[in-house]
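Here come two complexes built around subunit A, the first alongside subunit B, the second alongside subunit C.
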Partner chain A sequence: MVEDLTVTYPGAGRPAVKGVSLEIESGRTLAVVGESGSGKTTLALALAGLLDRRARRRASRLEINGENLLAARRRRWRQLRRTDISFIFQSPINSWNPTRTMIAQVRDAMSAAGHAGRMPELLDLLGRVGFEDPERRLADLPHQLSGGMLQRVSIAVAVIIEPALLIADEPTSALDSTVQSEILAILAELRSEADLAMLIISHDLSVVARVADDVMVLYGGKVVEQGAQAAVLGSAVHPYTRGLLDSVPRLDRDRKTPLPSMEPGHLPAAGCPFAPRCRLVVDDCRRAEPELIPVDATLAACPPAASSTLIAT
Partner chain B sequence: MPSGRVLDVDRDVTSLLELTGVDKTFVTDRGPVRAVRRMSMVVGKGEVVGLVGESGSGKSTIANLVLGLEHADAGRIRFLGRDVGEWLDKEEARYRQAVQAVFQHPFQALDSRKRVGWLVAEPLVIHRRGNSKSRAERVRELMADVHLDPSLVDRYPHQLSGGQAQRVNIARALALEPSLLVCDEPVSALDVSVQAQILNLLLEINRERSMAMLFISHSLPVVRHLSDRIVVMYAGTAVEEGPGGEVSDRPTHPYTQLLVSAASVVTGDHGQPRGTMREAIPSVGCRFVPRCPVAIDRCSSEEPSLDELAEGHSSRCWVASDPALRAEVG
Partner chain C sequence: MAIIQYPPSFGAGRLARFVKGVVWLLLVVLVAVSITFALSRIVPADPARLAAGLEAGPEQVERVRQDMGLDDPVMVQYVRYIAGLVRGDFGDSIRTRGPILDDVVEALPASIELIVVSFAIFASLGILAGIIWAYWPRGVHAILLRAVAVAGSAVPVFWVGLLLQIVLAARLGWFPVAGNLNHAAAGIAEVTGAGLLDALIARSPPAMWEAARVLFLPVMTIVIHNIALTIALMRSSLADQLDREYVRAARARGLSEWRVVMVDALRNALNPVVTMLGLQLGWLLGGVVIVEVIFSWPGIGLYAFSSFQAFDYNAIMAITVLATAGFVLVNALVGQIYPLLDPRIREAR
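== the complex of A and B ==
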């Protein structure tokens, strides 16, 4: 649970994350969607206490498992990351020490979390997620396993220590595109079994559609739209969310015709971050940053879209 | 403009690229893996052929075989009627000019210590096209063709976005005016909003230059959007093939049907099962049997042939090719 989180890196004009609030109940998955530079990774790092030392963090609330972490020290965060917060990173090969065998590293992670006795369960779980012959293959060094295999180990270890929060930062985007769906199926299945809260970060809407209960769309560090997955993907209100959905090739769309694409644009110093790329932009958008307001089934930070939706209905 | 295409693509052959009965087995520490089995397919002049399939289906091996990065164990791969092996032995430079590639990870394909202008000019330098002045002019043209701002010419790859880096890769691939562009998952590593821009660029290139493409992707909607024809691969071989709209809108093979139902996910209709995870692939009969909802006894003992069911639309499925059985399973 986070309220009004803002993170600023030194030397940056705008905050990387600005006024973000979120809450994930256990057993549910929140997907944070955004493109490079949207602040999605900064948000994840803030929730795991992994922000760069020089980053400035402000928030009115930051709690995990009911514990207030606004004043938590690095040591407490380190402890939490062993027992209560699991993190799955984008690049499986960079998540493991290249000079030690997988089994040694897995054992360390398990005993640091106080679950040293559960190795047999872990081996079982690995077998179940398609990691063949775990006892023999874990004797290998990381580079001897494929990205998909390494990510299976990361996920199994992340889940078996029964964290309160599992953060997965683009867990499939460094993988061969088609191992992705297997890894997602595994994540979704384990998450519902383990009853943990999951935050998944992705730019891929098909990933979001497959695993998320709720969706939060970030643009330029701000939440521009949020709501239940079906509502955000099915009846998005914000022009950025709509643009994302429209630019994806679909089976029911004309073939060999240009896809509607949003031209790149800079982040302005004031006003709505999306204004320079927006087709609904009005003067007000460049003056004040719009707040999230309920429109249809989602919350959207776009007064012009909100009023046109209201008129249409 | 340089002299244009080096190969006379109007020579009297029907297809640009033709694979017939291609086999490729890799030896791994866990035994041999037959990545490609008796694979046949054709890419016509100026045609976009989409090759779709999941990880391990052999689609990237096809790309590597066509690019001469791997060599087939059996079967023939012909470009303009001549074996690729022969091209590479006798006229490698001409083949490399005629067949270019764009890969999945834009930054991995670019030398991080070189500037954009150098990177785009490199193919011209390697193939000794023009002098430094005409090459600089050509670099400007190519950057304009791929909609890269001319001011980026002095940037290094790390100063580019993923979309810009992929445009640099496309400009490099276009520099020698190839007849065939092999694209292996060219948009999978890009942000969603950037994917559409790159797909639009590839469409534009195909339309304006009538450049043929072998477009490889795991995503049926992406392949459908770009392709004139679609080839669906499963476990090393083609299981369905036909015109782009036909294969995606009226799939006949149960595996293609699975791809279609998986692709409806983003449209909000995701009550569909994803199909089971990768099962052991049988070594006799149809390779898809363990995941197939309609398999009959014959499927486990005898591998189906790729039969034409409608004009230019073929399927490797005993059930699909038998009207009575097809009616039965609906």
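== the complex of A and C ==
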């Protein structure tokens, strides 16, 4: 769990992640949703101790398995990544060194985690996640394997250490849709078998609908809405979340007005980060940053939306 | 639709590749020889006149010209010269009057010693410093390394050599000003002609110390000049690799920093550095001239310099051929290293 996490990169005016708090119980999956630049990857990296050395991180609490990690050094984080935290990256081809064979890199990972003797088990696991003929195909270089295959290896290596926390940063967005759905099924299955907490990052709401128990929506580094998956996807309050939901193409209805687009990197200096694109914007939005307040079944950082919802009900 | 079948292409096998490489090498050397030969006939100096001596009269000069075959048509001379080369005969030197091959064989060990020692030092230290700078980009060491990288390549070789000579040899007297190891004075036999190696063969620590002392200043001169590029390229190449996603992914899998940097990233970062080191080594084969002249190092560079002064065209051509062959050979060897660093190259061939 993490409380009030803020991450700032040098040279950047506003923090990439600002005041984010979250808690994932083991056995549950939290999906973090947001567009590029919303800070979702930074949040994920911070939870694995993988932030760039230059990034500045502040938080009032940062715990994994009840261990306080606010003052943890790099060595401790590395140890945690060997035993308790696994990370799956967005781009399978960029997750592996292009000039070394997969088997060499998998062995490196296994022996780093202290599981050098468990290679047969890993090969079994690879077979189970649909990586055929692992013994032969692992002798290949990364570019000789497909993205789906590479991501299966990443998943197997991530899961075999039986981590307490599995972070998957857009694990399927670089894959085509059939492979995407296979990978999601694998993740869901492995999640249900192992008693781990999963954080999945996505901009794809159909992915979120399939795997998440809870949803957190980030905009401009801030949480704008969070709650149970059904609540957030079903009765979203925040205009940004509603805009996201409305922009999902569906066959059974006409497309509603899409979110007004905006050039990236032009977030307002003060007030609600979403104000420039918001339909419900009032003067107050540009003055103070709204706090998360309970509305219906979710928490949303939008007083105008909250009051109109309350009036409607 | 017809299925087009391509014949198995020649050059697929390892042997074919090797043969192709050798043919290519010979071709490059032949072109270099031809150009040097043409140049030696174009320049207005008269080798016969030089060979005959200042006091010689016109008849004597003419006789020397006939003896040297210089009155034959140029094409005949060219064919004769190439035929000599094939037999390993570079002709006679005007200056030393002996076969050039003998002179070269005598001068080569000293040069090779100088080049190999310098190269080993600037390549290894340069790579090491580049790694340190890339991994820890801030700090006092980074400022120092930046200074070395900028100054080392900006300052001319002869200036560095003279400065070292004046300060460390003439003023402080820590090192000899010039010259190579005197084998007789050091009490060791001349086996290879390379001082350090001979001292090693004789297992004589004092001779080794002495050999290292005479090597120090010329080696330092070459190192200071060449290490700058190595450091700068190693740093930028490794820094670029360290920013790649696969490095973060390797860290995410719990790999130690040593493995991430020295096994994963370094391997990929070395590729451009190897290319440049190959070029530098090739360049050194011809580029030691200045250093050898400054330190009176009795190698091929000093021999070349003396030959230039005497317009000993046979010797100049021989050195050009050797330097070209050496350059091409070094680059061919470097080409063998790439597939070791990047297996994708092996596969693409």
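By definition in this document, the second predicted complex is superposed on the first by the 300 of 313 C-alpha atoms of A that agree within 3 Å, B and C clash if a C-alpha of one lies under 4 Å from a C-alpha of the other, contacts with A are read in each partner's own complex, and residues count from 1 in each chain.
FYI, a contact is a pair of C-beta atoms (placed from the backbone, for glycine too) under 8 Å apart; a residue touches a chain by one contact, two chains touch by 3 or more.
Predicted model only: the values in this text are computed from it and were never measured.
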item: Subunit B versus subunit C as contact partner of A:Ser206, first or second or both or neither; value: first
item: Subunit B versus subunit C as contact partner of A:Arg78, first or second or both or neither; value: second
item: Partner chain(s) touched by A:Ala230 [first = subunit B, second = subunit C, both, neither]; value: first
item: Partner chain in contact with A:Ser95 - subunit B first, subunit C second, else both or neither; value: second
item: First, second, both or neither for A:Ala109, with subunit B first and subunit C second; value: second
item: Between subunit B and subunit C, more extensive residue contact with subunit A; value: B
item: First, second, both or neither for A:Val179, with subunit B first and subunit C second; value: first
item: Subunit B versus subunit C as contact partner of A:Asn68, first or second or both or neither; value: neither
item: Contacts on subunit A seen with subunit B and repeated with subunit C across the two complexes; value: none
item: Footprint of subunit A on subunit C - complex, ascending; value: 244-246, 248-256, 259, 263-264, 267-268, 341-344, 347
item: Subunit B-facing residues of subunit A, complex; value: 35-36, 130, 148, 173, 176-182, 185, 203-206, 209-210, 230, 233-234, 243-245, 247-253, 255-262, 264
item: Subunit C partner contacts - residues on subunit A that touch it in the complex; value: 45, 48, 50, 78-79, 81-83, 86-87, 89, 91, 94-101, 105, 108-109, 112-113, 141, 143, 154, 157
item: For the subunit B and subunit A complex, residues of the former touching the latter; value: 53-57, 104, 161-163, 185, 188-189, 191-197, 199-200, 203-204, 217-222, 224-228, 244-245, 248-249, 260, 262-268, 270, 274, 277-278
